[in-house]
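What follows is chain A paired twice: with chain B in the first complex and chain C in the second.
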Partner chain A sequence: MHLKFIQIIGRQEWNSIFRSKIPLALYAVLLTVSLLATFTGWQYVSKFNQQQAAAREEVHDHWMTQPNRHPHRVAHYGYLVFREKSPLSFFDFGLDSYVGNSVFLEAHRQNTVNMSEAGFSNGMLRFGELSMALVLQVLVPLFIIFIGFHTVAGLKQNGVLKILLCQKASYLDILLGKTVGITLVTWALFLPLLMVSLLTGVISLSAGFNSEQLMRSALIVLLYGLYFLVITLLVVAVSAMSANARNSLMALVLVWILFFVVVPKSAQTLGSSIFAAPDKIAFEQAIEAEVSKEGDSHNPNDPHFSELKAATLKKYGVDSLQALPVNYGALVMQEGENISSRIFNKHFDQLIGAYKAQNSISNYLSFTDPFLAIRNVSMNLAGTDFDTFTEFQKQTEKYRFEKTKNLNEIHLTQISYKDDSKQKVSARNFQQQAEFKFKPLTIKASLAHGAVSLVALFIWVLAGLASLTFISSKRAYQL
Partner chain B sequence: MLEAKNLTKRYGKHTALNNLNLTIKPGEIFALLGQNGAGKTTTINLFLGFIEPSEGWASIDGVSVVEHPQQIKQYLAYIPETVMLYPNLTGIENLEYFSSLAGFDYSKKELGKLLSTAGLQPQAFEQRLGGYSKGMRQKVGIAIAVAKKAKVLLLDEPTSGLDPKASNEFSEILKTLAAKGTAILMATHDIFRAKEVATRIGIMKEGNLESVLHACDISANELEALYLKTV
Partner chain C sequence: MKISQKILYLETKNFLLGKTVLIVAISLVLFGIYGFYHGSKIIDRQQKTIQSVAQVQKNHLDSIVAHGTGKPAGTTAYYPFFYTFHPATPWAKFSIGQRDVNPFTLKVKMLAIEGQLYDSELTNPLTLLVGNLDASFVFIFLFPLLIIAFTYNAISEEQENGVWKIVRTTTESITSAIVNKLVVRLAIILVTSLLIFMAGVLYLQLPFSYPTLQLGLVLLIYILFWFTISVFVISLGKSSSFNATTLVSIWIFLCILYPGIANVAVNSRVPVPEASETTIKQREGYHAKWDLPKKPTMEKFYAVYPQYRKYPIPDDKYSPGWYYAMQFSGDLESAHSSEKLFEKLFQRQKLSENIAAFNPVISAQQLLNKIANTDLTSHIRYLQSTKAHHKQIREYFYPFIFEESPTESIDWAGYPEYQPAGYSQDNLTGAQITMLIWTAVGLGISILLFKRNFIHIKDVQNA
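Now for the complex of A and B:
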């Protein structure tokens, strides 16, 4: 391998692409689509977050201005929590449009996150939205195919490869030079655009400089650079194995269909058929059945609550609920909350486990499809992945539980058992409750969730280089 | 300089080249005549190292083509039937590119001189190759060979499709190169051009080198008769 020859061939490839009008015309189209996707994505996220902020403020105002009330009434009055979109979601929508945006938190009930964009669309959304990530993941590979399908096959077809091979540069030098040239063209055309879009978007959507988001942006740029390299390696390898440019183009279009349509769709279908997850009704029924079995706080003869009653009376050394220094009704509610929350969390973890197992098929298929690898890692870094959504669900449930527990504590200590429902406590008690603030996953956690796909992407680079080395060693691929 | 010993190439049951024994000395032009499929291109590809022999061996300047495929590259240059090169580069840029890949770093002046030596008009140097005639492109191919100071030149139907003037110019350049010590192996269909330019002529049929003649010992008409009789 001669670095000097690789550099010369790479430079020639670069000049050759820029001297031709078709790649530039293609680039102009992709540039327009990218800018459009970036602008509409940014506008949508910006508007969405403004609306969410206004709604959040309204809900908060309602909470803060509520009159003196019975705490259990407040617990059922509930609280709406909104899911703010991550600053990088303008770049990669990921699952954002398909998962809910708000959840109503109340005592005794774990409501689902509702109001997704898909739920409010005419169904066309299932065919996908135009995001910059989609352009980079799906359309840029097509661009690379169009500028690179003939890179070696064309030279074979017109006999130039033989002349090239009669110089001092080896076939491996030629293949690597071609890869360097095409990769650098793709990087030069798309990575600065990506970098500027991410920085502008992140700074404007995060209301200032956010080092965490900038770090995520830098990683996105780096990994897309790697992805373009993988696609280029693949294009050069197929071109080198093809007898002529026509065969190379046909093979690459087939590979594109396989990578961008067949494998991703199959991964999802395969995942859900291998790891079946319960539907919503079955999920809720299972929780309800287990809660009833463990302890029903509304049933006066329930053994669990009979035991609780006996233990509480014994603890305080009294013989009637009225004689207790605390409100027994609040104790029952909290115990009911503890049971339902524990059982919900157990079933929820099982459900998430099933979904994760389904997603793992797509993760492991990243080793056969680089598109799946970049798609998964891109969603992880943009904060629009399944794990970020799950984290939101977990944090809202934790917040709901803590909030209900606090209200039960107020009920326990400030409301007496006698004439319980006729009493009220000061609104100041509710105003002191902490507000919900979603803590997104750290970069480390996001990368850990995308580790399999990340490793797959690096393996693809190594496999691409190994393929070129193998192809260059075979005489059959020189003619 | 160029040597083949019992050189054989088989594709399954088909023998593309059978037991070729050939030596071409420096300064010699050896023309291989034969119909399509006679084994001419196979012979050239075996010397270039693009295909591996089934039996026997080929060497250039005593170096085995099979064992040292990279080393033999420094000795040889190849010109195909149609030199396409890079149509969006100029003649001088093409020459600069190929010579740099051969390890030479020529100045613009030197590149111009090389193109002139190959017979290209100076006004064509800065024109894109896409606008060149076939003859002009063949001259750039010659310039590439001269630029790398090749000791051996392998040509596959180089004058096919050239007009008589361009073909004649091409022959003159080959003679000049041979006079400077280059060993040339040329596969061709053109009996009269072979007679005119070659030192020796070999007639091939179905993978066999049927006869080898000294060009000076035979007239063009006799050569044609022999060729027709052989093939």
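Now for the complex of A and C:
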């Protein structure tokens, strides 16, 4: 391996790409599309977040200005939480359009997060959404294929390869030089663009300088750089293995279709048929069955609640519910809430487990398809991934539980058992409750969720280099 | 055998012996089979769930009534859910459409409806994002690739290895040579697609009826469209590499870029802030009533249901009649934004149909979803049928609630049966004709280009 030759060939490749018109024309198209995607993405996210924030304010105002009410009525009045998009979601939409945007939190019931963008779409969404991530993940590889398919195969066709090999350069030097040249071109064309878009977008969307978001942006730039390197290695390898440029192009287009259309779709449908997840009715039925087995607060003869009654009476040393210093009705309600929330969380975790098992197929197939690797990590870093949404669901359920518990506490201590429903408590009680604030996953957690794909991306680089070494050692590929 | 027939036969044989043809055709058949399997699996599961609804409903009502014994109907009426479902048409297995995104069962209480209509189904969002590999995907996305693979080098390959010059000098008519090549390929494409389509009809047990015929017709037009695109690129008379690159780029443009941009356009032209507005309004509309005098609420209710005016509503304490009147006025107050939401969704549908007029790929997908009743419009029909059922149920139970009949004295399962939205045969002709026009335009231009680039060509040195 001679660094000098690699350098010379790399520079030569760089020059030859910039000399011809087609790469520049293609680049112009991609540049336009990605600027359009970035701008519309940014506009959409900021408008969407404004809308959600306005709705959040409205609900909060209603909450703060509500009159004196009975605490259990307030528990049913409930609260609406609106999901806001992460600052980096303008770059990679990820799952955002397919998950719900608002959830109604009330006593006794865990509602689904509703009103997803996909639910209001007539199906055009299913063709894929135009985001900058889509351009970089799907179209830039095609660009690399178009500028690189003839890089070695072309040299074979016009006999230049033989001349090069007769000089001091080894075949590996040539392959590495080509890789360096094409990679540097794609880096120069796309990474600065990516960096500038991310910085402007993030700073304007998160209103200021946020080190966590900047770190995520830096990682995104780094990983996309790595991804372009992987694709270039692949293109150079296929080009080196093909007898002529045409075969190389056909093979690469086929690989592109496999990597970007066939494998991702098959992987996910396969995952969902192997690991069955319950649908909503089955899920709710299972929870209901388990809850009624544990204790039924409506049934006066239920053993669980009879026990609670006996224990409470004993604790306060009285012999009737009316004589208790606290409101027994609230106690029963909170006990029901404890039971149903615990059982719901258990089933919910199982459901998420089933989904994760389904998604693991795509995760592990990252080792056969670099697109899956970058798709997964990119979503993780942009905060538009499965785990972020799961976290949102868990935090809203926790908030719902805490809020209801707090209201039951007020009910317990400030409402007397006799003539329960005719009483009200001061609205100040409700105003003191904390507002919901979503805490996004830390960067460390995001990376941990994307670990398999992250490893896969690094393995791809190593495998690409190894295959170039292998190809360069075969005489058949030099002819 | 006449010479022309013999040439046609040889051309067919020559084409079929190519390795690519076999590989591409076999992989497409395999994908087709997988698509049928996947489509029927998803829909069968949904249908199974739908079939379980009746039993779930019965058990649910039984336990509610058991708990409610001794209490007035107005108290018990708070608890029961009433299920509705959106049965799949036979063609949904072919084109799953939006059926995996939108809920296919809903349960509603007698309370205000607006907050209950938009509950989502439990689904893995990544699966939704990646989409289904159903028969419609195979035809819409993968079939064009088969057409491209079969045709991109129809003439250019022979030009590149020198055979074309011999053809040109020996054949009587260059036109018929070109036509032969294209006809053979078109015939084989049509035979492959017919085989896969028929296999699909049998596997998915589609009825031999008008919608199935329509399904076949849309696919036929779609295939002709892509064949014309291919013929157009060939008629430019460039190299195989150029043809392949151009065709794949066109495919990417029509299947990925154009829909992506169109989607952004639709979302920003017709945003739906009404979605959250409806929920907020309904919740406030109902809850504020608790703290207001009862009379205005009751008057709103009596305006629609005057027959309940005769039941006294005590002014100083809770009564079930008042409770359900509050729920009702919650709906009245959000009715405006709810209507607006539906209207916006129809606007979105209309706009994207207009956009699809310029892209037969989107158009074909929309047509398949329409035939299968798996599009947004069909889902809205389902929501409307749920609303209608909610109304039926309320009206069935109102008399018992106002009468304060005891729970055990009434027939809880006696409410009018849910009427699912039936199959809707939408108008498909407009979109089909637009697709045909594009095909015809493509063919016309190609013929002109063929004349210029292949037939009227003077022999140039080193051509």
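Note that in this section the second predicted complex is superposed on the first by the 479 of 479 C-alpha atoms of A that agree within 3 Å, B and C clash if a C-alpha of one lies under 4 Å from a C-alpha of the other, contacts with A are read in each partner's own complex, and residues count from 1 in each chain.
Operating definition for what follows: contacts are C-beta pairs under 8 Å (C-beta built on N, C-alpha and C of every residue); 3 or more make two chains touch, one makes a residue touch a chain.
This structure is a prediction, so every number in the text was calculated from the model and none was measured.
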(request) Based on the superposed arrangement around chain A, label chain B with chain C as either clash or fit. (result) fit
(message) Let me test your reading of the model: by the given contact rule, A:175 touches which partner, first (chain B), second (chain C), both or neither?
(response) neither
(request) Please work out whether A:281 is in contact with chain B alone, chain C alone, both, or neither, and reply first, second, both or neither. (result) second
(request) Classify the contacts of A:33 with the two partner chains as first (chain B alone), second (chain C alone), both, or neither. (result) second
(request) Give the angle at the C-alpha centre of chain A formed by the C-alpha centres of chain B and chain C in the superposed arrangement, rounded to the nearest 10 degrees. (result) 90
(request) Of the two partners chain B and chain C, indicate the one touching more residues belonging to chain A. (result) C
(message) Tell me the contact category for A:407 with respect to chain B and chain C: first, second, both or neither.
(response) neither
(request) Name the contact category of A:99: first (chain B only), second (chain C only), both, or neither. (result) second
(message) On the A-aligned overlay, A:9 touches which partner chain: chain B = first, chain C = second, or both, or neither?
(response) first
(request) Quote the smallest CA-to-CA distance from chain B to chain C in the superposed model, rounded to whole Å. (result) 14
(message) Under the definition above, what is the set of chain C residues touching chain A in their complex?
(response) 31, 34, 38, 41, 45-46, 49, 52-53, 56, 63, 67, 97-98, 101-103, 105, 115, 118-122, 124-133, 137, 141-142, 145, 160, 240-241, 244-245, 248, 252, 255-257, 259-264, 266-268, 271-273, 275-277, 279-280, 283-284, 287, 290-291, 317-318, 345, 348-349, 352, 355-356, 361-362, 365-366, 369, 375-377
(message) Looking at the complex, which residues from chain A come into contact with chain B?
(response) 5, 8-9, 12, 15-16, 19-20, 158-160, 162-170, 475, 478-479
(request) Under the touch definition given earlier, write down the residues of chain B that touch chain A in their complex. (result) 45, 48-52, 70, 73-74, 76-86, 88-89, 97-98, 100-103, 141, 144, 148
(request) Would you mind writing out the residues of chain A in touch with chain C in their complex? (result) 33, 36-37, 40, 43-44, 47, 51-52, 55, 58-59, 62, 67, 69, 73, 77-78, 80, 82, 94-95, 97-102, 104, 111-130, 134, 138-139, 142, 146, 245-246, 249-250, 253, 257, 261-262, 264-269, 271-273, 277-283, 285, 292, 298-299, 351, 355, 358-359, 362, 386, 389, 421-422
